[in-house]
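Below, subunit A partners subunit B and then partners subunit C, in two separate complexes.
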Partner chain A sequence: MDIFEKLQSLDRRLFYLLMALAIAIPIINPIGLPIDITDPVKKTYEFVESLPNGSTVVIGFDYEPGDEIDLSPIAEAVLHQLARKNIRVVALASFPAGPTFAEEALLVLEEYGYEYGKDYVNLGHYAGGEPTLAAFATDPTSIFVRDWFGNDVSSMPLMKELTSMKDFSMAMTLNDGPTGGTGTHEWVRQAVMAHDVPLIMGVTGVLYASNQTYVQSGQCKGILAGLRAAAEYEQLIDRKGIGTTGMDAQSMAHILIVAFVILGNIGMLMSKKEGGRPGPGPASKPATPGGEGK
Partner chain B sequence: MKISTDIGVWIGALAALGIYSVLIKDNPFYRFVEHVFVGASAGIAVVVGVNTFKSTAWSPMTVEGDYLLIIPMIAGLLLYTRYFPNIAWLNRIPLSFLMGTSAGVAMRGAIESQIVGQVSATMINLNSIDAWIVFIGTVTSLSYFFLTWKTGKVTGVTSKLGRYFMMAAFGAAFGNTVMGRVSAAIGRFQFILNTWLGL
Partner chain C sequence: MFAKRTLPTIIAFICGVTVVFAYFINVPFIQDRAQSILRWQAVIAVFALGLGAVNIIRVHVSNIQRSKGQNFYSLALLITFAITILVGVFLGQNSTAYKFIFDYINVPTGSAIFSLLAFYIGTAAYRAFRAKNVEAAILLLTGCIVMLGRVPLGAKILPVSVPLTDWIMSVLNVGGQRGVMIAGAIGFIAVSLRIIVGLERRSYGGE
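Presenting the complex of A and B:
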């Protein structure tokens, strides 16, 4: 067995071990690799910066624990910027775990002297997805009788001022998909289309491609995708957080993956060339469009 | 190095290690943690469901006297009639109401946001290279799915080009997916190394 065949039959556990090291070492000893600011993140930052001081925004924590690392750092970075502009925040969640993430993220606001009920509120979880969001958009106090902590919503100064979605200067959804909660499409329909409220999205990396179309069409004012976007946003607000510290590990893991992809392909090509093991076999012929065989 | 003394952190860290242990081989520790995870998720869902029912229906009715809420409560109960064959037809009433409401609410903005808005954004502002790439990519990708006529010289080229555009899109989506999965691993490693072990 030559080296190229060996490359293709490496024990996968070796890859897992190397991946674990590639992630763990930079977390223990940060390298400080440079982080470039990409256009979508910069535009999102600039849009948030353009919001009127003292206005109110609504943020949907529409994600589950598995995507916390992608979306919570985005939430915290954006909340820092909002707090510097004295913008008030109403948080709600379409996933049962969402209010917990909101509670953790909203602690950022207390650093800036925000007062609960007056400057920010965590309304908690709502069931029903889009119809409930639509009802909230029509009358924010109709859906939530009590907040996440059991307080009477109608007695809160912040909630007394809200009559519909139009009272928000911006809506934001931190979203990991529509399964079980309110997805980005629903937010576009209920915030942007129904009430003409500007929307920004924080999404997992998986959802970036499918939601970028809303930015391109102007229906969404900004999009932040995954831990990478959080790291960039932290650079813009000049406050390092989880996103920045995770980027070294992210970069090292990606280098490892790319290296293994290249090595694997070289191994396969060389094996074929030398008449050895042919690798995974010939690629299947793609279906010919346009009615082949008609 | 300052190891956490929080029992919750210890449980979370050991559970994460248990899940990761399957990468070496299937083992009883992994299965135990997996079952705990499924059970805990189901338990949380039940608690959240009961709390939602209490806060949005039961308490407003019993405490604040909003007796009209008995109607959605009965409708909700009718959903469970599907488990009783002789009255199973009753579950169609709330189900059709749910479907109708959801469809109606979604239709309000769907045509504008997902059809008109997207099509106009693709077709109108052809004032940059990016816009042209989006335009050509959209048209050629759509041509790949025109299956009503035989592939000719022109349609063969456009559909082939469309396939390359779609491959590029799938590649970008896959790359983002990998990034997301690596991020998830980073989150757990930060929890284990920083929060638990205090490194």
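Presenting the complex of A and C:
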């Protein structure tokens, strides 16, 4: 086997090792690569900045533990901006894990002297997806009788002021997809279409593609996709966090994948040129977990 | 027959028509009825969660019985399931023990499983992205441009990847996504109408 054939079938364990190093080293020892602010993030920031001071927003923590690293940094960055504008926050979640993520993220507000029940509320989890969100949008207190901590919702000053979704100056969903919870499409239908409340989304990187349609149609006022968006937002609010640190690792991981793809193609093209046979492709070595050969 | 087919069809018809009308027409009487139906739905959904839990227990107990106690993973699932439920019910979701389970078991395992994708997708890309023909070359090129354009270091190495990524995502991608979404929505409306009028037998447990 010559060098070009070897390039086409590099040992996957070598890739795993390099990938682990490419992710771990920048996290342990951040490089601090400069991050440019992209248009979607800038527009989202500007939209949140345009909200009236002291108004109220609703945030859906619609994600599971697997996507926490993508979405919790977005939540915290946006909450810092909201707190600087004295905007009150109502949090709810369509996944059972959501209220705990909300609880951790909402700690940001306590740094700014927010008072629970008066300035922010964590309503907890609701079952039933879109229909339950529709009921909440029509009458917020009809679905949540008690909050995440077991307090009576109707006695909270913040909740007393809310009669429908229209009382919110903005809705936001931190979303990793509709499976098992309320997806971004459902939020568009219930917040934007039914009640004309502006919506912004914080989504995982893979959901960026499908939700771009709502941004272009104007149904979504802003979109923050993945760790990259969190890193950019942290720059805009001038407060570095896990988003900024994580981007170094993500940069290295992407470059490593592209480098391996280029090596594989060089090997294939050079083998063809020399009259050799193209190496094993996806058909002979499936890349699914547990399905690969050594 | 009445209890299995006719009654559920009547209930589905009344609920479906009421909620759909309430979305488009602002009549207080219909709005109130629709709101009641939606609240009922939330309660039923909670029962569905409980039903799901019972189903998980049945499936894994059956796994253990069939494998004569050798099915380690089913046993592990049942034990952790029981511990989490007991801690949540008796100590509360805000107790230190429940938070320990969430912060040090649930979140790390969830993140670890998800992060394995970086390794598997990486090797999958290495093996699948080969320019064997024009279509494969286009896929390979598009994938590499987007991967570079989405990270700061990639943008420094190949600055043109940023505007190209924006164009791919906002023109090519959105065009395709719109088509899929509109087609999906039309299909969704058709299926919903069939369920409301009782033509979709599978929704009522039929074949």
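Assorted remarks:
The criterion applied here is as follows: the second predicted complex is superposed on the first by the 279 of 294 C-alpha atoms of A that agree within 3 Å, B and C clash if a C-alpha of one lies under 4 Å from a C-alpha of the other, contacts with A are read in each partner's own complex, and residues count from 1 in each chain.
What we mean here is this: a residue touches a chain if its C-beta (ideal position, glycine included) is under 8 Å from a C-beta of that chain, and two chains touch if they have at least 3 such contacts.
Quantities reported herein were computed from a predicted structural model and do not represent experimental measurements.
Shared-chain residue A:Pro52: touches no atom of subunit B or subunit C. By the touch criterion defined above, A:Gln219 reaches subunit B but does not reach subunit C.
Shared-chain residue A:Tyr16: touches subunit B and subunit C both.
Of the two partner chains, subunit B is the only one touched by A:Gly246; subunit C is not.
Looking at the shared chain after the overlay, A:Ile27 reaches subunit B, while subunit C stays out of its contact range.
Legend: residue contacts after superposition of the two complexes on their common chain; A:Phe260 is shown touching subunit C, with no touch to subunit B.
In the overlay built on the shared chain, the residue A:Leu269 is in contact with subunit C alone; subunit B does not reach it.
Using the contact criterion defined above for the overlaid structures, shared-chain residue A:Arg146 touches subunit B, although it does not reach subunit C.
In the superposition on chain A, contact of A:Pro157 is made with neither subunit B nor subunit C.
The residues of subunit A shared by its contacts with subunit B and with subunit C are 16, 19, 23, 66-69, 97, 126-127, 129, 131, 134, 143, 185, 194, 205, 208-210, 213, 216, 228, 250, 253-254, 257, 288-289, 292.
Within the complex formed with subunit A, the residues of subunit C that make contact are 19, 23, 31, 35, 38-39, 41-42, 44-46, 48-49, 92-94, 99, 102, 106-107, 109-111, 113-116, 118-132, 140, 143-144, 147-148, 150-157, 162, 166, 169-170, 173-174, 177-178, 181.
On the side of subunit A, the complex with subunit B involves touching residues 13, 16, 19-20, 23-24, 27-28, 66-70, 96-97, 125-127, 129-131, 134, 143, 145-146, 185-186, 188-190, 192-194, 204-210, 213-214, 216-219, 225-228, 242, 245-246, 249-250, 253-254, 257, 286, 288-292, 294. On the subunit B side of its complex with subunit A, the touching residues are 23-24, 44-45, 48-49, 52, 55-56, 59-60, 101-102, 105-106, 108-110, 112-114, 117-118, 120-122, 134, 143-152, 155-156, 159, 162-163, 169, 172-173, 176-180, 182-190, 193-194, 199. Subunit A contributes residues 8, 10, 12, 15-16, 19, 23, 33-36, 38-39, 64-69, 97, 99-100, 126-129, 131-132, 134-135, 138-139, 142-143, 148-150, 185, 194, 205, 208-210, 212-213, 216, 228, 247, 250-258, 260-265, 268-269, 278, 280-282, 285, 287-289, 292 to its touches with subunit C in the complex.
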